[in-house]
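The same chain A turns up in both complexes below, where it pairs with chain B and then with chain C.
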Partner chain A sequence: MLGYITKIREISERLLKEGKVDMVIGFRKGTVPMMNEPCVVKNPENVKELVWDSNCGINLANYLTDRKEKIGVVAKGCDSRNIVTHLIENKIKRDQLFIIGVPCKGMIDRHKITSMFAKEIKEVVEEENRIIVRGDDYEKIFKKAEVLQENCAICIHRNPVIYDELAADLVEEQKDVDRYEDVRRIEAMPAEKKGNYFDNLLSACIRCYACRNACPLCYCLTCFVDESRPQWVGKSINPTDIRTFHFLRAYHCAGRCTDCGACERACPMGIKVREFTKKLEKDCFELYGWEAGMSLDERPPLDTYRPDDPDFIK
Partner chain B sequence: MSDWEPKIVAFLCNWCSYGAADLAGINRLQYPTNIKVIRIPCTGRMSPKFILAAFGKGADGVWVSGCHPGDCHYMEGNYYARRKFTLFKNLIEHMGIEPGRLHFSWISSAEGTRFAEIANKVTKTVKNLGSSRHLIKKINAKVD
Partner chain C sequence: MKVVKIDKRNWAGKLEKLKESYRLFGPVKDNEFHIFERLDKGELPDFNYFNTRLSPKSIIYPQSETMLEFSLDKSKENHHILKETDTDCSPRAVIGIRPCDAAAFLLVKRNFDTAEHKDPYWVKAYETTTFVGLACNNPQATCFCTSAGCGPFYEEGLDLLLVDMEDHYFAKIITSKGENLLEAAGWNTGTDADPAGKQIKTMKQEAEAKITSSITTDKLKDKTTTDLFDAPFWEEVAFACINCGTCTYVCPTCWCFDIQDEVNGYSGIRMRNWDSCMFPLFTLHGSGHNPRSTNMQRVRQRFMHKLKYYMDKYDNGIQCVGCGRCIRLCPVNIDIRKVCDLMNSYGD
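For the complex of A and B:
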């Protein structure tokens, strides 16, 4: 993936110089290791800021909502699916976008790496298939496959589904991946155990809403957590409020979530918030044969119906 | 807790299940008084927030009822609702709410008897489960 940088810069420079776009949204190097940050390049001279490596887990579709300009956007597989979702939901128009498709080989899990070291990580260097982590007095080498984000390890749509130009050749999609192993594990538990499992999972939540803010699907002008008349969710860290928040946040993503992992990556407490959205994703796939963001022509599952839908109601 | 009675919130569609409740009353059919009815214009109006708010404020069970698929007053409201409910129920039970706290049914306005039957069934199921623990918001006096 490292070779992509030159190509991304080249395309961006050309687009900006020719005036085809007003800005290019991509990534630049972050100030701390493993945290590349989104950046907006408006001047062709600044395209050298753009980078691409395995720390670009943030979903850039998040920055396209309701924009009026012409935008070039760097999109890996999941970003492109979220762009499709944005297009379906009329959050941006197709002719405003120039999508620079990036075939993705997975992002590395910063929570996993940070938790393995007690001391501060000073530098993380990436080579093809190897990740080298360095601190003041230590160095450790990982295989990239060992430290992939969980959603990347089970990703079956690494190539962008929609693009105007590719930054590299398409990569081979992963086959024979069991996408829902963890969901099935929880489904098999009795109700009591499920309740405890999620209580434990959420006990660390501080209600910072990072998961919501990182999510490209969460673009409501007034989020339900900010509504006050009536107030649906209390603002405290009362366990019920936390549960209600996570439940509704996930439910709002039903049939739209592409499992890009931005929420989980953003969580400062390392909560596996994807456990909620994945259940919905699995149900949408199994009941309605739906995978979010794969086609511009199909309506999302909660915006349509079939008279012969599965009916659990008697 | 033998004298304990559950609180059940019922969201009934104005055009059918609410009428069925009326009909049950006119026919003098008995059904439990645990059920507190909230009238909604259509099951398509249901938001997951309503159900969570009911649980949060202390309901032991929630029951949502509307027109049979195909008979919606607004042509297709209950078809959309059906998809929403399916995902909602699956997710909330995935999170550890006992199956049986949350009920859905289709009852037309002519089915007074059926309304009474289901009301009895819902109340019995919720009663057997005991009081709700997971989603009720308790005021906690302890301050850390």
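For the complex of A and C:
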């Protein structure tokens, strides 16, 4: 990872010094294990703050929405696909951006690792492909592949799809991954079981909206759950209202979601919110052969109409 | 000061007896993390935890709480008239609350229970509850209670303090409410306090020494509020914040709420739900104007309220007990310890 960091700092420093950008958006080291903080660097002297490791799971495209400055942005595979989506949806302009592409090796799952230990985790360090978890009187070593975020374990676009300069050589993409094993499992459930499954999934939700707010797609000025005239959804922790929020949010992301996992990573309650968005991601793939954010030249399937579109309303 | 020794062998039986006179709440493991819940028959609190992910504030102040009820059915007498909701006001006891979380209720009390105004829902719930604390023998790396006005063995806000001594608990009696609870369970109240008191004191010192994290607040009081408000660091502090409700919802000292009417068919309720200063809607006026329309203004509000306005208004410390939940759970790692230090040292 050291090579990545050096290169990210070097590019950022050059961009800022040459006045090519007003700011660089990247990550700085966090104050607790398995967390880094998205940050902005405006002064070339401060590029030393920038870091890169397996705790950069927040999607930085989320920090570009409607900005007016010239921006250098650090972008792993999924971030770059959300940048493409932002460009298509006019949330930022291509000539405002200098994309520092980061060929990604996946992010580690902080929820999963935390839940594996009854004792407090004091430190998590990373050595090429190994993750070492330490507490007061223990140490455990994992292969990185064992503790990847679920979306990263099945990611087939780790290399940025759009960039101006790379922070490292491109990585080999994962092949022969079964991306939808979990969705198929839920699809196969009878209706009642499915209902119970979703109710259980959401039973701990506190409606903090961290999932929505961490998502680069959720940029509506007023989200439907926040509308008051008319008020579409109740505001309490009533399970129907909570379910309505999650289902509708997932639909709003259909054909746009890149499965970056920022929502799931952000959730303080460890709720697997991707189970909703992923079903729609799968449908878009199966119905339209569509993967979001892969190209600037094609409109997303749900904002275009073609006479030969499949008839999916049953 | 009286200390009672509770043998762990008859802990379960006595708790069961206690359920005859109190509704008990305690930490239980739900999926992957602990949460405070009503303890049903045969259910024991699980003390094998650092602290619950969500604070126990919801026991006194639920996230969604019905305040009043009404009927819109014109054929009914008293239709369109709000009436009080029946709530169960029988005695309750929270078993195993951490000292910081109990102290948090005292900070919140300054808002909900004043000489001029009493929030009937909060006050009733608070007054009918007995708080049995569990001292923290092993604080976490993100706990900074000792520099936030309380500590791992802090007693204010508690009626009883339990100290885990491996094969037994010591229960230190702090108030008469606590003493009553011990009697109701049938725990003998006459133990020789001196040696126990010494042991507790040693454990307390050991626990305090294990707290590695701290904030400095000594200069906050004398800072000019408007200087801090206009400080240049807010943009940077706020950059990563996604304005979710996490930090405020998990915080034991955040108290803001929003009132809503909900109607189902002809019957309706007026309820209050937790609200968060991090949400844009929080300050949106009917006119459409929003005095805190930017991310930075909202982040500034949270920290200024906790660390400066509260201090200015009550002259009694900060509105934070150092439980560390907001640090552990913020999805983008905004750390109140860092912000507090920025504020405390600003302009030096």
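Quick notes on this one:
Everything that follows uses one rule, which is that the second predicted complex is superposed on the first by the 309 of 314 C-alpha atoms of A that agree within 3 Å, B and C clash if a C-alpha of one lies under 4 Å from a C-alpha of the other, contacts with A are read in each partner's own complex, and residues count from 1 in each chain.
We take it that a residue touches a chain if its C-beta (ideal position, glycine included) is under 8 Å from a C-beta of that chain, and two chains touch if they have at least 3 such contacts.
It should be emphasised that the depicted structure is a prediction, and the values quoted were computed from it without experimental measurement.
Contact with chain B, but none with chain C, is seen for A:K194 once the two complexes are overlaid on the shared chain. After overlaying the two complexes on the shared chain, residue contacts for A:I206 are found with chain C alone; chain B is out of touch. Judged by the touch definition given at the top, the superposed model places A:N82 against neither chain B nor chain C. Once the two complexes are laid over each other on the shared chain, residue contacts for A:T258 go to neither chain B nor chain C.
In the superposition on chain A, A:G234 makes contact with both chain B and chain C.
After overlaying the two complexes on the shared chain, residue contacts for A:L248 are found with chain B alone; chain C is out of touch.
When the shared chain is aligned, no partner comes close enough to touch A:S54: not chain B, not chain C. Of the two partner chains placed by the overlay, neither chain B nor chain C lies in contact with A:Q149.
With both structures placed on the common chain, the touch criterion links A:D309 to chain B but leaves chain C unconnected. On chain A, the surface touched by chain B in one complex and the surface touched by chain C in the other have residues 234, 238 in common. Of all the residues in chain C, the ones that touch chain A in their complex are 30-33, 48, 50, 53-54, 63-64, 138, 140-142, 236, 239-240, 242-246, 249-250, 258, 260, 262, 271, 273, 276, 279-281, 327-329, 331-335, 337-338.
Contact residues on chain A toward chain C in their complex (touch as defined above): 30-32, 35-40, 58, 62-63, 111, 114-115, 118, 120, 122, 204, 206-210, 212-214, 226, 228, 234-238, 265-270.
Across the interface of their complex, chain B is touched by residues 183, 186-187, 191-199, 224, 230, 232, 234, 238, 240-241, 243-244, 247-248, 250-251, 254-255, 276, 279-280, 283-284, 287-288, 301-302, 305-307, 309-314 of chain A. Chain contact summary for the complex, chain B toward chain A: residues 48-49, 52-53, 56, 69-70, 76, 79-80, 82-99, 104-106, 133-138, 140.
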